[in-house]
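Notes follow the structure.
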Amino acid sequence: MAHIPAEKHTPLVLSVEGVTKSFDGFKAINDLNFYLRDGELRTVIGPNGAGKSTFMDLITARTKPDEGKINFHKDNGEDVDLTRVREHHVSQLGIGRKFQNPTIYRSHTVYDNLKLSLSGKRGLLHSLFYKESASDREKIYDVMETIRLKDHAHDLAGALSHGQKQWLEIGMLLAQDPRIMLVDEPAAGMSDEETERTGELLLSLEGKHSLIVIEHDMEFVRQIASRVTVLHQGHVLKEGSFDFVKSDPQVIEVYLGRQTRKH
Amino acid sequence: QEDATRDVLERLALASSSEQSAITEELSALGDPYIKDFVDAWRTGEVFSYDVSESETIVLRKVSEKFRRLSNDEIFEIADEENDENLSKIRPSRKLRKVLKTITDTIDLSSPDPRARIEAALKLGLSQKTDYLEALQSKIETEENEKVRLKFEEAINISLLANAEDDEALKHSIARLGELASLPARDGIIGIQNEATESGDAEMVAICAEAIKDIDSAQKTIERWGNLVRGMSTGSVLLIVAFGLAITFGLMGIINMAHGEFIAIGGYTCYVVQNLFADAFGTQSAAYQWFYWTAIPISFVVAGVIGYGLEKGMFRFLYKRPLESLLATWGLSMIMQQLFRLNFGAANVQVNTPDVLIGNFEVAGVALSYTRIFVIGFAVFVILMTWLLLSKTNLGLYIRSVMQNRNMASSLGIPVSKVNSLTFAFGCGLAALAGAALSQIGNVGPTMGQTYIVDSFMVVVVGGVGNLLGAGLSAMGIGTVDQFLQPYWGPVMGKIIVYFVIILFLQWKPGGLFPTKSRSMDD
Amino acid sequence: EETVKVGVLHSLSGTMAISETSLRDILLFTFDEINAAGGVLGKKIEPVVVDGASDWPTFAEKAEQLLAQDKVSATFGCWTSVSRKFVLPVYEKYNGLLFYPVQYEGEELSPNIFYTAEAVGQQAIPAVDYLLEEGYKKFYLIGTDYVYPQTTNLVLFEYLQSKGIKVENIGGGLRKDASGEVISAGKYTPFSHSDYQQIVAEIKAFTASGDACVINTINGDSNVSFFKEIAASGITADDCPIVSFSLSEDEFRSLPTKDLVGHLGCWTYFMSLDTPANKKFVKNFNKWLKTAPAGVQKEGRVTCSPMVLSYNGVYLWKAAVEKAGTFEPEAVIKALESGISFDGPGGTVTSQKNHHLTKNVYIGETLEDGQFEILESYDNVYGEPFLKGTF
Amino acid sequence: MNLFDNKLEARGFIVAAIVLLFALPMLNGLTSPDSFLHVSSFQISLWGKYVTYAILAMSLNVLWGYTGMLCLCQSLFFALGAYAFGMYLMLHVGVDTVYNTALPDFMDFQGYTELPWYWKPFESAPFAVLAAVGIPGIVSFIFGVLVFRSRIKGVYFSIITQALTYALMLLFFKNNLELFGQSFILFGGNNGLNGFKEIFGASVDSASTQRWLFIASVLLMLTVYLAIAWVLKTKFGKVQQAIRDSENRIRFSGYSTTTYKLLIFTVCAMIAGAAGALYVPQVGGINANEMTPAKSLDVVVWVAFGGRGTKFGPILGAVVVSLLKSFFLRAAPDSWLIILGAIFIFTVLFMPNGLVGLPQQLKPLWKRIRSKSTTSTVPVS
Amino acid sequence: MLLSVRNVYAGYDESMILKGVSIDVPEKKAVALLGRNGVGKTTLLNTILGLVGTNSGTIEFAGDSIERMPSDRRARMGIGYVPQGRDIFPGLTVWENLNVSLRVAGAKGAEAESRLQSVYELFPVLKDMLKRKGGVLSGGQQQQLAIGRALLLKPKILILDEPTEGIQPSIIDQIEDAIYAIRKKGEMSVILVEQYIDFARNACDSFYILERGSVVQKGDISLLDDDMVAKYLTV
């Protein structure tokens, strides 16, 4: 079903080929093929349990596939098989992720959460002798501005509300400035207006970064999506423009339902 | 005939050591089974001399708390056993006992108990005395039990090692002993082999070597099976101790440093109940035999109640600070240990074994004591009980939910604080059950639990924290590996290797045999 | 009223409390007895009791505290050899005086310690002599893995061979160094070992052909597991007697004595000794227990060799102080070295120049009530700490 | 970068340094024993021992308090350091008058006439000092690689470290190690190493040696304190704490937690080893008893008691618990366990932040008392 | 009034989050609780459940004052809670997660069966996954489980903290229908915290808006107009 996109503006950054993953006999991901272009913003939708988060787990080496290859194409033309490296290495390659459930460093302040996420070296010596530069600080403040947690800069992240944690994790992703951003349900727990702002934020990142965004909020998807992949039972069910997938009867049946909600 | 025997025995008991040898001759001629009965009683301090008058001394035998006159079995009232000047305990000298032993062994050759016949035969065979050889040879004719016959044959051949008429007969005996895989004969055959080597009798040397090889290979097989059986028994000890831990630690997340002391509560409860029974019924009574079976449930309840109280008074406040529970339980452990010392003395105390658990069970050369068999059975019982509780009852379901998420459980209406208290009480009760079981194979004292704690923690992690089936399997595995390593490496190196094997095992399965699966980030 | 301070340094908590608490008790009794009789040089004894907590650095610390802060005239204490090794330099540094009461391996001689304890020659050797006399031909050696059993068994290994016992008839295993010399004989288990199934199976096989006995130097609570396993396996004292060197009447309180009936012990004192001195001693101790301070267990108490050797130590010290006319350790040691006798519950003991005691040795057989029946005695055996390599 | 959190801490540090490094040694060395200012050698060596305990506690605190690894083998590393240095001391006891050999007595017992090859290097003082730090370092590194690589953590980590302690304890209790049919003499078995005479050519027991050992211990403690304070202020310290909170998460931020943990674990083991090396000449011996799991738990108790995850807590905990224990061992030999146990339970129930948290905890109470006393003077309007 | 919260002050450790909040939930009515991130909505719900203690103020439920009661008693009195962040029991299977509710509610036999059927109808996926551990479900599946579990209790009042988070559109519709049906049939009262204003509008009778720990607006749901949304719910 999936195919390499026809428009050849930019090179691929990620190709997922023939990936299968099962848990105790249950195939969560089933012969999945997926390609992402440099600078592309791809939206992934699909029913609960379709395997979207598992897909991100596979890319970030949190889970190892049973079969298939996941290649990250570096700028220098080198390929890295992401199924053979460890999580921190994936991150160092420039793949960042926001998890579905907000995960942050609870007993660090908002500021330190961002500081730890800032792009840069991750070695032992580096972190021992790292000195915070003015530009680093500026960057952190910029991010805090964007996620509107400036007032909470020195509050412990564990004490934030659910929505604020979501924001903080988005901020951590921004601070990390990775080449590929994997964003799992960024709009969950946000108000309509915030959701829209998040959409704008993501759109502004398009081009500079490659993004994979998972969301269930159709309004949000409409806002950001040029290209949508629909996953179902671990496999690509449909791929195409928002309007194309939205009106697909199969997608409606397994995912969208009657679509009575008006906005 | 018994009257005659009794008469001789009375004379023997009162005789001076110089007169005794003559009397034993008489006795061996009698061959009455009562001799054995009496000799046992004599040896274990149940026989007394009593001065009826200046000149007359009689022999009394204490049978279930009553004194009976040896000669006529009349009950003889003794008002004050402790302070009666005329009464004094008598016992056979070491030398006399040895003589009596061969007499009783000969008697035992006709015992109705096949095991007694076997043992007696081997003893008499090993003595390699011609008199006994004859006795054995005549008995084997009438022996009907096939197993016993084989043993008789073995005994005869062992005796023949020293008494064979000629070299041919000797060679035959040796070969037969090899076939019979007779371990008792091994030393004797080696002796013959050595002599033969010196005298240059190559054929004899070869026959001996062959026999020894047979014996050794049979012994190897016995050893292997023995290791397996002993491994299970070691494993079940670990398991019993580990189950309480699996509850308090695996499920509740409380690192209970006082777990060992709860085990000791079980041991001491058995001790106290034993003493109460002894006071109430006397140690000779049939009722006394029940002390242990009564003590088991009591120990569970006692520890459970104490655990319940402690949970209410202390641990309740610590769920939000699980690491602190380590410090609290450490303090608790110190206090409990010293309270045991102050109450029961610093020395260990002694818990008796009920008569039904005395002795061992032997199959094909592999022996396992009844206490060990009991412990294996007890472990199975504890597993079943715990499994039933956790998976088949409301409380079990509540326990598991509360342990997973306290707040959510209470938001759903589960009485969390009650469940917590009951779970902790249950864990403590299990610990005490372990103590009750251990009282049969080890010592009972203030630090009795500590010995097993490290091993039991290993059982819990190898099984997968919070997984009871895993705990069962890992306990058996660890026990068996331990027993198989011991013969080669000795108990200490064996144990060290077990630990390193476990470390390597966790390399392969870091979450234990049955790791808890979760997609959550923070575990 | 003037007093003289003495130290009591035993473990009242931890693993060794099982054994050592009784020694604290007997010492308190002895001091009370002496004080009631007028004290020493007219001064009452004031004991300073400290808990060594079964922890050797703690022993060293408390020993130093007794010497440096309390300035005790003498100390009575220690059970394990390692605790003695840890306090030894302290006594030498402060030039103090320690009385050590528990059977030990020898191979040591400190000018500041008096070893009232049984040396190997006062326990193991007589016991083996007895067994040889009884006609035993195979000896299985088992012990706890530490210096006392290791050294004792090494001495016995040499001794048995000198008596014509073949190496293959000495069970438990041998360990040799690179040059092939035997450096360790016997089977060893760690402290508090509790699983003797394997070893008992081995012993059973070893004894299958008869005339075998076991020399047991297991220390502490492992003995319970060991004897329970032995009893369950059907090995009886008649088939194969076990002679234990670290089981006294006090340990029997916690052992299934029914299972031990007929097995042997060897000490320089037994509670069952039928002498007026012993009768009086036992009676007085029991009387004292009724009024003993809190913390002293009052029921079911017995006396045993380490207790009596502690008791003897105090009286020897008293006699030496009186002879020297001073509490100064140096003078007291001199007096002791000159040979002082005391008629103790186990017979007369005499201090030797080499800081050990000459005393009577008894072989006993265990009875079901936890007492020994005395089978044999050897009078006035000289205490010699250096036996290794002498056979 | 300022290493201290506030002025109070900085001043406290300087005062402590002066008192411990100068005042106490001087009161020991320069006053006459009868003077009431005199600090006895006994006190000096006692406090020297406590200081090494404090260092040990600090090293555990870095693991447990700051990185969330409840390590139950910290006193194993301490003991390894002590053994390494103890071996050096053991080889410098001179020719014993009893045996007429320079070999350690336990070797002589077993008929050794020559020092085995693996003991030989320890005749050299520099080697022994290096080994005291290096052996715990190597052991912890190898063990750490195994454990961290396979992501053993949480209670699994605690228990596996306990198993390591236990296994090595059993080994060190042995007199001989039998391998390949040969026996190797180990480290004195249950008796361990003791009876030392000389250290770097000076008498171990002399007052001045004890004084120098005390000073060296204090120096090490102060250095470790500063190092911890420094690391806490760096990004490394933040990574460390993030590992404690959510090790899984920080991997996705690109940090190799395995490497971080390995370094922390190894360095802490080396610190513990160094403390052990300083401990052994001050105590006069080492045996495998120091490796029992209970000893490692003692350290955990010190840290929890003083205040986990605080810089000063472990020091306070180690010293106060040791002091209390030492005091009650003599003052209440029959009931000290009960007293100390009750103190621990009290601490847990009523002092959630340990001893160091006490002032903070008492502040509101103090405020209330003060405000009460002030309101009572002000007439109600 | 089924539930009335009166002038409640509550918070964590040192920081006071709720500053004198009062809300009323009538019998058989659905109330929406709205507000920006971090204003204290979850805190308020936790206070009602007793997971966060009150400093002052009263909470009355079905005529009893409950603010000093332990959470589990409150729950057994008839408060069902679907927390934010789907606190299911990860180590229990889906079936066990559901069974907990049935056991607590004492529902057996046919009664239990019918309750289960209605949950399966709403969330068919759960039925296929009864044997799977809760912890391995996908986010949306966990959310469905959490809602199902609360429904099985048949509480007098159902408290939902952003229940639609992470759920696919078709099922959100069904949840909306379900709440609507509950209201219609008068089965239970509902407190709904939502960011999805339309969802709240469709599902609820009245609303409260929280800002910095205080109620700033309340009224019938029809009064919730775009101005109000703009003023209080956008940034």
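A, B, C, D and E label the chains in the order they appear, each numbered from 1.
Note that a contact is a pair of C-beta atoms (placed from the backbone, for glycine too) under 8 Å apart; a residue touches a chain by one contact, two chains touch by 3 or more.
Just so we're on the same page, UniProt names per chain: A = Urea ABC transporter ATP-binding protein UrtD; D = Urea ABC transporter permease subunit UrtC; E = Urea ABC transporter ATP-binding subunit UrtE.
If you're wondering where the values come from, they're calculated on a predicted model, not measured in any experiment.
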item: Minimum number of chain-to-chain contact steps, subunit C to subunit D; value: 1
item: Any chain in contact with subunit D as well as subunit E; value: A, B
item: Higher-contact pair (C-beta pairs counted), A-E versus B-C; value: B-C
item: Innermost chain, taking as reference the mean of every protein Cα atom displayed; value: D
item: Between subunit C and subunit A, distance of the C-alpha-averaged centres to the nearest whole Å; value: 74
item: Whole-Å gap separating subunit B and subunit D, where each centre is the average of the chain's CA atoms; value: 42
item: Centroid distance [mean C-alpha coordinates] between subunit E and subunit B, Å; value: 60
item: Interchain centroid distance [CA atoms averaged], subunit A/subunit D, Å; value: 46
item: For subunit B, residues that touch 2 or more chains besides their own; value: 337-338, 342, 450, 490, 492, 495, 521-522
item: Where subunit A touches two or more other chains, by residue; value: 101, 103
item: Junction residues of subunit D, two or more chains touched; value: 170, 173-174, 178, 245-246, 249, 334-335, 337
item: Complex contacts: residues of subunit A adjacent to subunit E; value: 23, 26, 46-50, 52-54, 100-101, 148, 159-164, 167, 185, 188-195, 197, 216, 218, 254-263
item: Contact footprint of subunit A on subunit D as seen in their complex; value: 231, 234-236, 238-239, 241-242, 244-246, 249-257, 259-260, 263
item: Interface residues, subunit B side, partner subunit C - complex; value: 43-45, 91, 94, 97-98, 101, 123, 126-127, 183-188, 190, 219, 223, 226-227, 230, 233-234, 237, 337-338, 341-342, 344-350, 352-353, 358-360, 367, 369-372, 440-448, 450-452, 482-483, 486-487, 490-492, 495
item: Subunit D residues touching subunit B - in the complex, by the definition given at the top; value: 70, 143, 146-147, 149-152, 154-156, 158-160, 162-164, 166-167, 170-171, 173-174, 177-178, 245-246, 248-249, 293-294, 297, 300-301, 304-305, 308, 334-335, 337-338, 340-345, 347-349, 352
item: Subunit B to subunit E touching residues, read off their complex; value: 394, 397-398, 400-401, 404-405, 407-417, 466, 516-520
